[in-house]
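I've put the structures underneath this note.
The same chain A turns up in both complexes below, where it pairs with chain B and then with chain C.
Showing the complex of A and B:
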């Protein structure tokens, strides 16, 4: 996965490459953890601001559940509470390098330095954001505690559900990282991208399970969502923990995540190969 | 060292002048209009989708009918436009300059520091939300089929102005907190996040949260109360409370800002 325009040292033997890559990830993640813990106050502001969104949805839908005989599509106020509290963690796992950031990378030539490194620049993003996620999960625990006291969720996952959830949030992280990288690389061709990004994010908001559990959407919207990657990064990890979900659906979900990771990786590889040829930087 | 003697007419004159220059500056970038229009319409569409999903299941949410909630959405959008076009950009610049120490340049000018700090930035294209929100409010009023007379319209506009003032005072205190705390980078994210709660009437939230959204972050006065006025739900008590709250916030925030200024030591040290 080396960038095509980069003259690098002779490739390492296969075994050495894997080990070198593992060491690179470990180092970048450790650095990110230390770095982000310094900014814990900023991180907290950011996370608390984010909590308002699910709390609004939660209040609206539990109000409706209470006024219409106790539940909506099987969601009681307690299940809504569980859904939207787990939501806050999944949302945090979904935050990756923004496609808007590509404008600086391309326009200001920041990519030039990364192109000189002997590995694909995506590894840098994947590793450092993964390190940040470790900090986020730790900082999230007290927030989840407060929300649990305030909204009393009904949450009784099985061990299997817990394990699948833990795998699925990292699957979600990978899928979204890869797809937003592809979206960001559009900047190689044009910097007037905000309309495209906005449309993408709204489609994602509606069809991922972020706005409401997909079970509450009309049937046709659920069918459309089944063809898109969004629900595997958001609704699926939440439902994996909150339920109701059976063993088969858990496996199908993980399979779908794997499929989208492969699609994302192939897209990143293909678009990168064509796009990076268009990249020029001006010496300063 | 500062002259605090800017009189009210002078302050008004300065405000018009600064906002005009800011607007002219922004008008150079016309393409931003379409980007902003698209963003506003997408946000509105999302809000409408939620309303459709909600009223697919029920006839009223916490005592509010569909057109009434549409009015809340409209006021929320409108107020969001005011915040993002004139309030937030100024307060963020103030925070930044407190941190960097470049607030010196502002304080050296022979006018009131708070006035100058509040009128230097205007994001004219963000004001698209003011128009979009206005249209939504109008649509809601039509759907309500209730007559909105001069009195209702006037009280709506008056309460809207009070609401914008409370948000301004709240933001001024947030920015002034920068005199004491160094890192306030994400405070805007925090505010933007909490502001989302205003898309629904504060009455639907549980008691503790309603108290927070009324007295700590005054969204109740910024969005819910004006929406009550335009939908004919307003109780006189709430209007009086809004007036009292605004007056109190104006005084307190000015006080806090001045205390902060006394702490400010500039960049030269």
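Showing the complex of A and C:
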């Protein structure tokens, strides 16, 4: 039998916010790296499987370029090769917690567990997937090596382009994480939203530079793409490294990424607040 | 307003769910596309109680009585439809940081640990989530490892642990931030007897050391007997009994269950057993009987002397069965 034998313990002291956040991200990233290295074989096969898509695009566009006098809109086979090899890394950086994962998260009660923690669950996803990206980049290097030998890319970036590319792939990761989080939170209202997700992914496929470099699209399509987030998570990072791109365009690109990060973060905050209220009203 | 001294104060708490209603068949499915019918179900229907600092209270009731719904409202996972809940002076549905750092909810059937990694990694993660300073973390972690006898377990990937081992590690992870309010929902479900006992003694020790208040649901009466002086029984979302465990036992558990294993069990034998006591059920080679508590020793002696009994156990009927029986004659 038990009873109030000792006074109730005071809450444990709390670490400072910045230090605790840094520790949280470091711990989650480290945990993800260790976890993903355990699955290195399946990760590798997954990545190799993913190479098929850009190789098809590359072969098609290279053939077209050769048959039309050596280039399409200034894209030579060598530049197409550079574009689609860099594509493979950017594509991997674009993989984040998908809306489909949300349904499972709600159904299996993981979200309820996270709601009990004094931390916004988006940090968990951002940090875990960022850790995974570290593994992906390491595993990607040999794949890029093989593709380079096979397709001989023309790639001569400046130091500035290299730096902007490095920043931009993480910016892309952040934007896509935030926006797909917002899309995933639709699960708070209904689980029958796969058509909505598919519409998003199709728009992204066409207007991001994934299917075709945006420079080859009609002018109006390029204008529309500039107003949407997809280009800034896909086409922009690739072009930042592959070119042609000037200093002003590099800065505009980073600015656009920053803008979409802010929009994404505000959307996450607003939808999360309303969504959790709904979730806790109808059932945890 | 809630009582100031109580750790948990619940007043006239209700939770009503809107449940879709639809008949079977294609026609009904088509109709539901146009007009969705729903009906209101009160999972928790006006309950009130308070829990003091350091109290360990058993929260009992049959499946669907509203226990988990109540626990979810107490921990902030569900908004009450009406009524008041205060935990440590906070309204849980606001999910304020100061409260979340002081409570925990352990659900026996849920896993919050990193599946592929040793539990120590999950502990590190919780340290970061709860912003526990290094010294306090190490102290608390080592205390839990010691109390729960986790030793080498924390170095193995969680997926390699048995159910019981995993539960112990799960409990440790849930308590690293040293909460003073514990909601334990079936913490011993599926565990073997030794492991159940271990978890029980741990909960008692944690309560003693840290003065924590515990609200415990369990289908195992042994958990409740070992830990709770007081029990709250709910059924159909209403409090049916709130008081001393001893009073609950006297009121509800007036019978004993006898399980007899007989090698030559057949229909004639089952009929014969009916003369000893009420036959509750039969399995391949065993029969479950119910007798008034006072008659249990006599009936047991007769069974052993008059029949070729291979095995015999006498136990309290499952708490759910007892409560259900009582409800049958004593509507809430």
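Note that in this section the second predicted complex is superposed on the first by the 263 of 284 C-alpha atoms of A that agree within 3 Å, B and C clash if a C-alpha of one lies under 4 Å from a C-alpha of the other, contacts with A are read in each partner's own complex, and residues count from 1 in each chain.
We take it that a residue touches a chain if its C-beta (ideal position, glycine included) is under 8 Å from a C-beta of that chain, and two chains touch if they have at least 3 such contacts.
Computed from a predicted model, the values in this text were never measured in an experiment.
With both structures placed on the common chain, the touch criterion links A:119 to chain C but leaves chain B unconnected. Of the two partner chains, neither chain B nor chain C is touched by A:90.
When the two complexes are overlaid on their common chain A, residue A:175 makes contact with neither chain B nor chain C.
Judged by the touch definition given at the top, the superposed model places A:211 against chain B, while chain C stays out of reach.
Judged by the touch definition given at the top, the superposed model places A:48 against chain B, while chain C stays out of reach.
In the overlay built on the shared chain, the residue A:261 is in contact with neither chain B nor chain C. Touching chain B in their complex are the following residues of chain A: 39, 41-43, 45-46, 48-53, 55-56, 59-60, 63-64, 67-68, 72, 150, 194-195, 198-199, 202, 205-206, 211-212, 216-217. Of all residues in chain C, those touching chain A in their complex are 7, 17-18, 52-56, 72, 75-79, 93, 95, 97-98, 100-105, 107, 110, 112, 114, 116-117, 121, 124-125, 127-133, 136, 140, 177-178, 180, 204, 207-214, 227-229. Remark: chain B residues 35, 38-39, 42, 45-46, 49-50, 53-54, 57-58, 60-62, 183, 185-187, 189-197, 199-200, 204-206, 208-209 touch chain A in the complex. Looking at the complex, you find that chain A touches chain C at residues 1-9, 11-15, 17, 20, 23-24, 26-28, 31, 34-35, 38, 109-110, 112-113, 115-119, 276-277, 280-284.
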